[in-house]
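For reference, chains read A, B, C and D in written order, and residue numbers begin at 1 within each chain.
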Amino acid sequence: MFEFSIFILLPLVTAGFCYFIKDLRPQYGASIIVALLHLGLSLLVFLGIHHAQLPTFFSVDSSSKLFLPILSNVYFWVVLVSYSYLRRPITPKAEEGKKYYFALVNFYLAANSAAMLSSHFGMYWVASEATTLSVAPLIYFYRSEESLEAMWKYLFLVSVGIAFAFIGILLLTLSAKGTVLEGQQLFFRDFIRNATKLNPIWLKASFIFIFVGLSTKIGIAPMHSGDIDATSNAPSPIAALMSGSLRLTAFLGVMRIFQIIHPTSSYEFARTLIIIGAILSLFVAFVFMFKVNNYKRMLAYSSVEHLGLISLGLGVGGLAFVGAMYHAVYNSIAKVVLFMMAGNIHGHYKSREVEKVRSALNILPKTGWLFLIAYLAISGIPPFGIFFSEIKIFEGILFSDRPYLLGLVMFFMLFIFINMGKIIFTMLYQKSELEPQTINEEKFELNHLVVIILLVMVTIIAVSSPEILYRNIMNIAKDYGMSL
Amino acid sequence: MKELSDTGNVLLIAAFAIQLLSIVFLSFKNERKALFTSNITMLVGLTLGLISTLSSTLFSSAEITSVSIFSGLIRLDGLSLYFLFVIQLVAIPTTIYSISYLRHYVEQKRSVKSFITFYIILLISTQFIVIANQAILFLVSWEVMSISAYFAIVYEKESEEVQTGSFYYFAASHVLIFILYIIFFLFHHETGSWFFSDYHLSFSSGLMVPVIFILSIIGFGIKAGFMPFHFWLPQAHPIAPTVLSAFLSGVLLKTGIYGILRIYQFIKPMPEWCGWFVLVISVISAILGVWYALAQHDIKRLLAYHSVENIGIIGIGIGIGFIGSANNLPAVEVLGFGGALLHTLNHAIFKSLLFIGSGVVYQNLGTRNIELMGGLVHPAKYIAILFLIGSVAISGIPPFNGFISEFIIYMGFFKTANELKNYYPILMLMFVVGLAFVGGLAVACFTKVNSIIFLGSERSEVKHFHTSVYDYISLGILALLCISIGFYPQPFVGVVNKVIANGFTTGASSALVDIDWLYFTMIFSSIALGVFVLYLIKIKLEKKYGRRNSAAWGCGYENLTPRMQYTASSFADELNTIPKAILDYHKKVEVSENAFPLQSKFKSHSKDFVDSKIVLPAFNVLRALVAKIEFLSQTDIRYYIGFILIIIAIYSMIAFLWT
Amino acid sequence: MENVLSILFCLSLFYVSVTSRVKAYVTVLRVQGIILSVLLMIPFIYKFSIFGIILPATLLLVKVYLIPRYINKVILDLDIKRRIEPTIQQMVFLPIVIATMVIIFLASSILSKSTELDVIPFASGFSAIVIGIYIIMSRKKLIVHVCGFLIMENGIFLFGTAVASELPMMIELGTLLDIFVVVFLMGIALNKISSTFEGFEVTHLGRLKD
Amino acid sequence: MDLEILQGIISIIIILGVAPLFAGMVNKQKAVLTGRVGAPILQPYYELQRLIKKETINASGSSFISRISPLINLVTLIIAAAMLPVGFWKPLISFDGDIILFAYILGLVRFFQILAAMDIGSSFEGMGAAREATFALFAEPIFFFTIGSISFISGFTSLYDIYHSIQLTNISYEVFIIICSISVFMLAVTECSRMPVDDPNTHLELTMIHEVMILDNSGIDLFLYQYSSYVKLFIYAILEVSFFYPFSKQSYLIGIIIFITGAIALTFLLGVVETITSRYRMKNIPQYLLFATAIGILNLLIYTFTK
């Protein structure tokens, strides 16, 4: 119960606290403490030092053991920089929205932890719908037309999507008809154990609905649009949260159903669908990188690309799956870095248009360089972690039963890389016609420090490749029956 | 394999440590001080590295033994030591030169710290590439090398030209790294190891090894700059700061050669088609490379194309080596690989010499367009002489080093023809003629460069030609190397021979050392001596009968102006007109038809065929295709919802049809 | 009994696809809410328990009272025009709806051969889901989108009862709460949209593109 | 002293001494054929004697290049000459691969000659230099398709050995060698700036190639250039006459007679060619050279496949 209160109840309570306290400072303090506690405990669980005992509907398994620290890590850093972010001047219309920020963020943490820790499909559904609810108002943080539109689209699309996921869950119960599971609760554990007895037709149907429904949240093409709009218009910390953890929460749902389907005869079918979705995502990112003219949208498409890659790892299996798990870890960190720096750029130029941002390396040298490095990190340039995970995914694909996929993946990723580079370099290098007369030396802010820490983190984790991470990922792979 | 001796170990590690340390000195607030100290530290590190390389078995009489340290992550065998030697040898003069070159930026109140940081990282990672014995370490070093080179290239980032040029490099290097991934995945899959020392595959084992071979030629060919994968090279090299261009063209391209040779070691012996494959693309690279060079007016672009040519020549050597290995002819192997390896060293030397020379000129004139230069021999006599040495060397003309390596390659052709008889002589003769043709074009090109830049009279005013002592030191070192390899090739040939004996050939052959190298020393010395003696005589005669200067013959016209000189465009016009279509050579002649002609104009320019006819159109077609995919960029949420329904329908159909 | 209710449910779907009045949607939502609550209460005819009545009661509260009332309020507040402007004529729309329903009913009866399931609630639920999406796709008014979404949710509920009503009550309550909050948020958003864009039609939302 | 070395040194002296005479003979032949009396055969010697006593004038814009270029020219040509079997003797320099050195050392000559021409800074010299660079490029393959092809067939890589390997045992080989010698003749015409490629006696700067490059040289420089050009002509003459090698194998005496007769006949031939042809248009010269190359390739192909 202790773990439950730290992971879920405490954030909920804090959310309530923040809702009623109007001053930002105590809100921030409370949130930081909660974030720290959450991070600490999830790390303890991850390291295997602490074995969590959770009430019904919740449990810790190998995959939530990995995903929970990802969430709390991303969350902690985002909350840490949130205060300084909130103090930036914004439109007066948006000022009133600030007071709900921490409440919503805490609610997000509670919902997200609940989704990750849930051991029951129903619980998972409720929690992940709650995450949508918590994020939607945050997208509307700026109170601008664009953010309103983005919020509407995100809320509507994801609600519809998640409704489909619910149909999928219902179909799953249908597939259990006539087996020992009939009339039983929808616990993952039981379903995994008796997976082979499930009715394949309904299982397939269930998979289709859950996969497609959750795709709206993960950002798997062609259901990615709402996600793109939301991440690009949300304030940067929220975009970082969404890209770094919310998408993974949804992805976890797909992983769960995939885990059930794995030992059954429908496995091949499910794999194919996931691979189709993943390749489509890469394709969409590839297409839009050519024409995107808004740097936050560009980052959002990059998220689509990387979630696509992770899904591809899941679909292909084997070594690629291991790579995908590593990729989930590294990608979440790199995305936080990118969005934070994008936030700084937005803060200075007051625009998300690429054309408006010029000569950023001179005007914002610190942010500029870190943004550049983050771009390299996300593109899989060593020594950053993504290089190592991408290598694993690529190798996994090359030696799977579908090696030709590697050609496609590399082709798409190449052009994504090139076009992303083109956009970023124009922002950083290109001289503007109206060069400001006096360039104020950019101050070294907290978020720079955080970004440096995160970049170092993503490097150190990758280079030292800690045994415990490896073992955890291997455990997941074993649970998913991946042959290595 | 044995562990490196303690001193060697310590020396190598110390060398790298000191090189890394040089970054620390960049923390000085004073730019000038930071520049100086970090460069000097880097030099110390490089020199230490060079000493450790020289003190290795490479230069002693003993056989080369492969040495591995850091539990096999790093391994020093003949090939590594040789390339390490090349890198360090050339990095020293370029680093010396950077002190004077970068000072100009400091004077313009421009921070050079970022450049030096990336430059140092580049040097270190390049050294790591050739000593890495593990695929992941290799790939990491390779990527770090590519990226740091990119950031160093893009140093003058405000300029549009720099942005485009560097971007070519950036994109090309990413294509390359993807290919390298696949190569090493295949190795890993086949051998189950990431360590180079475990990589032994044979062509007889199915399709895997031919695939590896083709991929490695394409992948490393992109880096090295073989046609048609060279398109990024003439874009990126000219716009880099000259210090870097020297290093890029001189050394960095050679990592591609290193890669090809390394892969060869893993998959030898090869079937013969590999050799022919490499030979053909190399000859094409060599001929077209130099021909493109001839059509350029931008000195650094011209030199960049010459890199393509020289890489082609190295490739020809490698191709002969492959043919030798296929037919189990150690003598041919030794000559082919020997020529390639020696030319690698030679090209590194004279190409950096030429780039540094052009950098000195660029600093003073502020332009890279040779049409605006001229007559620089008068203010900068010694630079002209040093540049001339480099030019003669790169044209493969005796008595300098370029000739020695080309000679070995020619001998390789003769040997192949001789050993294999049949239809080989006629095929080999074709390649010989190709190589000779390349030589002729190189002569045309470098006479053009030298005469337009240095000879004649000034086309643009040069008030004072600044040179610094660092320029002379670095150019001097390189010129000295050109001369010494030319005049006394034995020790260098000996080293190359040893490197080849360490893991290249199947049987031993002394074909390389059997060439009468002493003749070269004698002949070249006698040329030098003869010229000297004759010069003395000439001076004496001139004293006796008089000597004076007078205006040149102008067909009766007295006031010859610098603008009346022959230009680079007109010099090369006749030659460039021949392969007009390939060079994409355009000229514009404006002749006034008046009875009293006023002004006539002649302009010429050439675009890279691969770039303008393949890469850019392909990219544009792709972009146009992508732009056609409109249905994905809907803004209406109803479409989003529709997509869900459609996708579910499609997936259900798949499920329904699933067997 | 279940089948009768399902048929009623389907009739409400037909109505909703031909009506051109916004208010009619709200009424339909109410009717559907009642049908669903009744459906949930059927078991209690045989076996009554206080604890089990919570869910149908909440359902009744949320789906019949709270949500329709809230939507009505939004309509009144925003002064939305009564008529809806469909992009597809009703005369075309209705045949599509009928065709879809026929296909769904046929498909479900085929599927029911392999698994034992109540075809009529199942198919009507599924039809509601699809028709809800049709409504969203063919109407421009955002408020109608919300209604379409709710029809879809109702369909899911019906579908759920047909498949298995084994979900624990806590979770059922959770889903209801979630849906309510979604609608609530959508209402707020609609409010904002009306004040920002001066219109409630989907065509106004076209700023975000590449 | 070794006899071979002595022979080598004597060869060089012969080349240096006889070269102007050979040029004089060519001119005389030509004069006679065109119906003039012509200058005496020893005229080149007088010319050289005259030049060496003249004042040297350098163009005002020129640099050290145009001062050392004549020296390099002569010295390098002498070294090249030292690789040739004069009178079928073993040359001073003879080692495996000297055929390449020979070709490249002539490249060195060309390199500096072009530079020296460009050094003047006048358009005339520039034009000549550009032409020289272009035509030399096309002349290079001819060398390799003639002497080089014999080398490839015989397997020898030294000029001496290559000529040594020529045998008169096989009719197809004989035809091969004869056609080779024709190609070498065409090469010699090009390299030595004779008709129909270049007209040494023209008076219009715009139509010259070699002569225009030394337009602004005088005195000792011109002396060196002139002398070098005589040596060069003679070098190519030796390349041509050495094809008679097989005759010297039975009897050296007959061989040497044939050698000398051949040389004289060559002057006659050059005279005839210069008389009956006119200089080609500049545009057509590459075609002429490619024609010579084509002959070489065809010859080699025919030989390889009729063997």
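Quick notes on this structure:
Heads up, the rule we're going with is that contacts are C-beta pairs under 8 Å (C-beta built on N, C-alpha and C of every residue); 3 or more make two chains touch, one makes a residue touch a chain.
Everything quoted here is computed from the prediction, not taken from an experiment.
Counting only chains that touch, the fewest steps needed to get from chain C to chain D is 2. Common neighbours of chain A and chain D under the contact rule above are B.
Greatest centre-to-centre distance from chain A is found for D, with centres as Cα means. Ranking A-B and B-D by contacting C-beta pairs places B-D first. Separating the CA-averaged centres of chain A and chain B is a span of 44 Å. Note on chain placement: the centre of chain B and the centre of chain D lie 36 Å apart, centres being C-alpha means. Look at where the CA atoms of chain B average out and do the same for chain C: the two points lie 70 Å apart. If you average the CA atoms of chain A and of chain C, the two centres end up 31 Å from each other. Multi-chain contact residues of chain B, defined as those touching 2 or more other chains: 633, 637, 641, 644.
Shown for chain C are the residues in touch with two or more other chains, namely 133, 136, 145, 205, 207-208, 210. Remark: chain D residues 52-65, 68, 71-72, 74-76, 78-79, 93, 95-98, 100-101, 103-105, 107-108, 110-111, 114-115, 118-127, 129-131, 133-134, 136-138, 140-141, 143-145, 148-149, 151-153, 155, 157, 205, 215-216, 219-220, 224, 286, 300-301, 304 touch chain B in the complex. Those residues of chain A whose C-beta lies close enough to touch chain B in the complex are 152-153, 156-157, 160-161, 164, 204-205, 208-209, 211-213, 215-216, 221-223, 225-226, 269, 272-273, 284, 286-288, 290-291, 359, 361, 376, 379, 381-383, 387-388, 391, 394-395, 398-399, 406, 410, 413-415, 417-418, 421-422, 425-426, 428-431. Interface residues of chain A, counted against chain C in their complex, comprise 57, 120, 122-123, 125-126, 129-130, 132-133, 136-137, 140, 145-146, 148-153, 155-156, 159-160, 163, 166-167, 170-171, 173-175, 177-178, 183-186, 199, 201-202, 229, 232-233, 288, 291-294, 297. If you check the complex, the residues on chain B that touch chain A are 136, 139-140, 143-144, 147, 154, 157-158, 163, 167, 170-171, 174-175, 178, 181-182, 185-186, 188-189, 622-623, 626-627, 629, 632-634, 637, 640-641, 643-644, 647-648, 651-652, 654-655, 658. If you check the complex, the residues on chain B that touch chain D are 374-375, 377-378, 381, 384, 388, 392, 395-399, 403, 406-407, 410-411, 414, 417-418, 423, 425-426, 428-429, 432-433, 436-437, 439-441, 443-444, 446-448, 450-452, 454-457, 515-516, 519-520, 523, 526-527, 530-531, 534-535, 538, 541-542, 545-555, 560, 562, 564-566, 570-575, 578.
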